[in-house]
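Naming follows writing order (A, B, C and D), and every chain is counted from residue 1.
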Amino acid sequence: MNSNTFGTAFCLTTFGESHGAAIGGVIDGCPAGILLDKSLIENDLLRRKSGQNNAMSMRKEPDEVEFLSGLFEGKTTGTPIAFIIRNKDAKPSDYENIKNVFRPSHADFTYQMKYGIRDYAGGGRGSARTLLPCVVVGAIAKQILATQGIEIQSDVVQIGEERSDSFSKDDIERILSRFREEKDTVGAVVRGIIKNVPVGLGEPAFKKFHAVLAQAMMSINAAKGFEIGEGFNAAAMRGSECNDAFVTCGGRIGTATNHGGGVQGGITNGEDVVFKVAFKPIPSIMQPQQTVDIQGNPTTIEIQGRHDVCVVPRVIPMVEAMAAMVTLDFVLLKKLNKM
Amino acid sequence: MNSNTFGTAFCLTTFGESHGAAIGGVIDGCPAGILLDKSLIENDLLRRKSGQNNAMSMRKEPDEVEFLSGLFEGKTTGTPIAFIIRNKDAKPSDYENIKNVFRPSHADFTYQMKYGIRDYAGGGRGSARTLLPCVVVGAIAKQILATQGIEIQSDVVQIGEERSDSFSKDDIERILSRFREEKDTVGAVVRGIIKNVPVGLGEPAFKKFHAVLAQAMMSINAAKGFEIGEGFNAAAMRGSECNDAFVTCGGRIGTATNHGGGVQGGITNGEDVVFKVAFKPIPSIMQPQQTVDIQGNPTTIEIQGRHDVCVVPRVIPMVEAMAAMVTLDFVLLKKLNKM
Amino acid sequence: MNSNTFGTAFCLTTFGESHGAAIGGVIDGCPAGILLDKSLIENDLLRRKSGQNNAMSMRKEPDEVEFLSGLFEGKTTGTPIAFIIRNKDAKPSDYENIKNVFRPSHADFTYQMKYGIRDYAGGGRGSARTLLPCVVVGAIAKQILATQGIEIQSDVVQIGEERSDSFSKDDIERILSRFREEKDTVGAVVRGIIKNVPVGLGEPAFKKFHAVLAQAMMSINAAKGFEIGEGFNAAAMRGSECNDAFVTCGGRIGTATNHGGGVQGGITNGEDVVFKVAFKPIPSIMQPQQTVDIQGNPTTIEIQGRHDVCVVPRVIPMVEAMAAMVTLDFVLLKKLNKM
Amino acid sequence: MNSNTFGTAFCLTTFGESHGAAIGGVIDGCPAGILLDKSLIENDLLRRKSGQNNAMSMRKEPDEVEFLSGLFEGKTTGTPIAFIIRNKDAKPSDYENIKNVFRPSHADFTYQMKYGIRDYAGGGRGSARTLLPCVVVGAIAKQILATQGIEIQSDVVQIGEERSDSFSKDDIERILSRFREEKDTVGAVVRGIIKNVPVGLGEPAFKKFHAVLAQAMMSINAAKGFEIGEGFNAAAMRGSECNDAFVTCGGRIGTATNHGGGVQGGITNGEDVVFKVAFKPIPSIMQPQQTVDIQGNPTTIEIQGRHDVCVVPRVIPMVEAMAAMVTLDFVLLKKLNKM
């Protein structure tokens, strides 16, 4: 069962644990003949890595990508593109203390119960570090989308109880530093906008554009909510407010408003695709917490090491990556709609 | 590309247009030897049909299911279970007026642009009527889950700006009648709870329980938002509030709170799975609306016939159906985790 | 698990038992805007039905196809095309005698053991009648391929020990009548040729053109062998004999010989795709046979009714159908190779 | 499109080119808790490497496997098992001479035409070296099957025009040396037997055991034919000869003969699964051959380096590997047949 594979035409399989030898991915279905700009991949890995100046996890993660296949003289060949990122500073011994104890709101317990065995170091397969391959592939997908004029923009619009149309880096650091001082963590909301989307992306019934986008976003660690267009606001609206009237503008049919967030019937209508993803606070807090050990005995855990205070800003390239993969997949699949 | 198929082990393919000859589905992967109670299927179809007493669409929809295969002496045989529901009162001629005009916030425009052709009668494949096969299969899945003690409960928790822990039928009718009188429609939020869920459902990476559940829910017509556990509330919380401490209770490891909504790392932890789905107002309002015709010329449309004022309460069995399908699929897939 | 689904881009799901209410199929992924000629479908169903003049099974099978969805004004709309064929003369009571006895070399035993239950009437899901949906869809695929100039030809090249480059109808009837008189059945080999195939169909590794074609052909009831190009002959050849030298002819690169059968590395090279399928004798012979009952007690069975003597000529449209589905699928998938 | 993925429950994705940085694979769906014996993997890689004493390709291929994920303290964890094999002696410069020329009956031409670009060194993705990941995974699958008592045996039964029930190593070397001296290559047939197969493996319609096995075998480079049971012989037989009578033996229902090769209706019946695969001669012959260059101009090519004379005996572990993967996949899928 390939639960570690995402996409239909542009297909990514990921692997790896936080403190294993390496994490990586295999792209199957990348169109041939595309010259990849590796600096754009490095750039997104850097955004992923160094998002939180002081707040960032102190573990050094050089995140150097080695491509193993599928490229020839810098271009994609149509065959699988495999790549790995070595876990250079892996120290499984640092995690002896969570070997037999379940960290609250982490995946330790569920993995242990599901499989009867788990790689506990750094959270193993459950670690957010396992998202790195998506960031790499998202950076590739964004390059390919750019050749079609499609762009993805993302903004932090909520941290804890503070909201904004788009928090600046300084705003984010200011807010997060408060929670860091209190040895606590905090949730956030990220908004993504896919621009210059062609009409007709998404497939009827179960592969609606926003249904697959929702799956993609909810696959990101700590994601707890997804909205397209008005999202939960739409529940409070009337039809006469929420409908998007069609208008012709510049010889092209569009809508006067975009409450729908760029999709109708699950298919893009040419307006910007606007979505939001809510993330819970990072569960690794610097406070003692009540829990149980592997035998079910009550105990207290103090999580060690330095951890992020919030998924933002490091989750941003990940949100973009998943949006890019979904969009590129549907761009390719659209080719199959007619002979 | 099988975009009309949902599920991995328990797999439903649906077909049909609102005013075509029939709509229906094929279940592939239903375990063999299960005696189906057809009255439970009829019951859910009735809930789907007659939800809104006065408010319901006046079109008669007897929704009689004919099973064509996969059953022998009332039991499942392991082979595909196909069924159809005839569209008895189909009158495509009633829809001549929308042949060349795009109804705002319906799928008319996107289908036309994607495929260059569309069955416009009643919205064709984009109609909410095409969800009926899911209701049928959900009723089957619920029966099978019930043999494992798993139940699904659903409640309407918001209509327009009114909120409740669970609106009664009378409440719903009272609120909706107000919008009906104003010839308008309104959005709503439905909460689903999956009870007695085994630990270990859901798969790592991209088939996390709540990621697939999100896809399932966002596949329902008019769905605009999805939350698991605290959902968007989690963004405003601190880790020290949002974490679910492990406790041993009755010899079983559980959590003291359930902010996570029953999943950790995408895998169920044995607590109730709690989720919410936000729906936009039904776009068919009884008011003239600005739009364009198929050539892009501005025009005004008045949608005819009687239409629902809100997706609730008729969407409720549909929410349960998708939740049941997702849960059953993961119950089956869990068998593959160990030899 | 959708084992009753075939194809990736052009995707068929079939259902139905020999004596159930109906058999049928759902095509997901048929390109939109194609005007279907139903007479070509009827024609292939007739070839399937009336192949063996005297030899044909006496059961009346009007094989009338009813299309339920996916067509609008005769054209494909891009949504699922569902169709059914009613089993009008179904008489499950005729099969009481095989209810508790396993017919040799039929699927009675394996279905019973696999599922613990089986629809025994006429072989249930194991009946060759369940191939009818493939014939319908093959006729559709052939129409679409014809718009690209691609044609499929098939010939009977062996019946029992007699071989020919292409047996005529009269030859076939002459040979089969001999076995019919002896109350026995006989095997056969069918050769298929796909003509005017574009270069580049088939995908690396596991979806090689001939690997998927082999799966398709071996899915046909009674198929026991598959060859591409020289097939088993190739084992007796030298490289210097078997290699196909490249030549330029009419401005196009081709091969001087076609030992490979039109594929190299699993991808079509523009030459005719030539393959053969071997079928075993039909296991329903008009002679008493040793077997066991459902408790394992030895018994003798005499299969009743009139049955075919050989899979040919009725299997021919089925071979063409599977070849057409595979080819169309790869024609569509090729669109994904480049942006 | 994941054409480089094989399997449904036990799922392998492969990647890599002959002279790229590395080749490898990712297994998704390996059951958790299995202690892997790496010496068995090395053993099969050795059989793959050193099959042909004098005849073997002189290229040194240490074929050292590095596991990157999915194992913890030597046991499978249920998460993806990724591994790589470095191409240590890769010398792309050795292949300048085939950069612009198509080797007859290799995949050079078809890859170039399909993708507009190809990694020509050593045949790139078309090289038989890319099968190594299957050998690794086959060795894992065989270990898991062994815990169920299932074994796979394989024999060379034909080389060129010589046939045997099972050629010895010395026989093989004797025959091949003759062709080597003549600077030619030769085809072969391998027979596989899967022993102690449970009843009920394989799925109806398109995932019949032998249909998927055929796809698997035809995915192996140079495979041109597949037979299950009597295979093409069945075409010459009568039903009265070819049918396998049921008998009860030792309290278990079996068949008196095994013409069917262990499958009935696509599902295993508990008898040995017996199949054959025909391979063409290796196309790299030590003789000048007529061909064309990338512009279509006639030219002559002399393939350099040392190459195998025949796919046997090196292909044997590959045949076993694919058989093991198919069998394990169906063993897992059978768990889904009943609740």
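We adopt the following convention: contacts are C-beta pairs under 8 Å (C-beta built on N, C-alpha and C of every residue); 3 or more make two chains touch, one makes a residue touch a chain.
Every value quoted in this text rests on a predicted model; they were computed, and no experiment measured them.
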Neighbouring chains shared between chain A and chain B, ordered by label: C, D
Least step count from chain B to chain D, where 1 means the two chains touch: 1
Taking each chain's C-alpha mean as its centre, the one farthest from chain B: D
Between chain D and chain C, distance of the C-alpha-averaged centres to the nearest whole Å: 25
Geometric centre distance via CA averages, chain C-chain B, whole Å: 37
Centre distance in Å when chain A and chain C are each reduced to the mean of their C-alpha atoms: 44
Residue list for chain D, restricted to those that touch at least two other chains: 1, 3-5, 8-9, 14, 29, 32-33, 78-79, 114-116, 125, 204, 336-338
Of all residues in chain C, those that touch chain A in their complex: 9, 29, 31-34, 78-79, 144, 147-148, 204, 332, 335-339
Residue ranges of chain C in contact with chain D within the complex: 1, 3-6, 8, 14, 102, 104-107, 109-111, 113-116, 125-126, 130, 158-161, 179, 184-189, 199-200, 202-208, 210-212, 214-219, 221, 224-232, 234-248, 251-253, 255-256, 259-261, 263-270, 278-285, 287, 289-292, 296-298, 333-334, 336-338
Of chain A, residues touching chain D in the complex: 1-5, 8-9, 11, 13-17, 20-24, 26, 28-29, 32-33, 66-70, 72, 75-82, 84, 114-119, 124-125
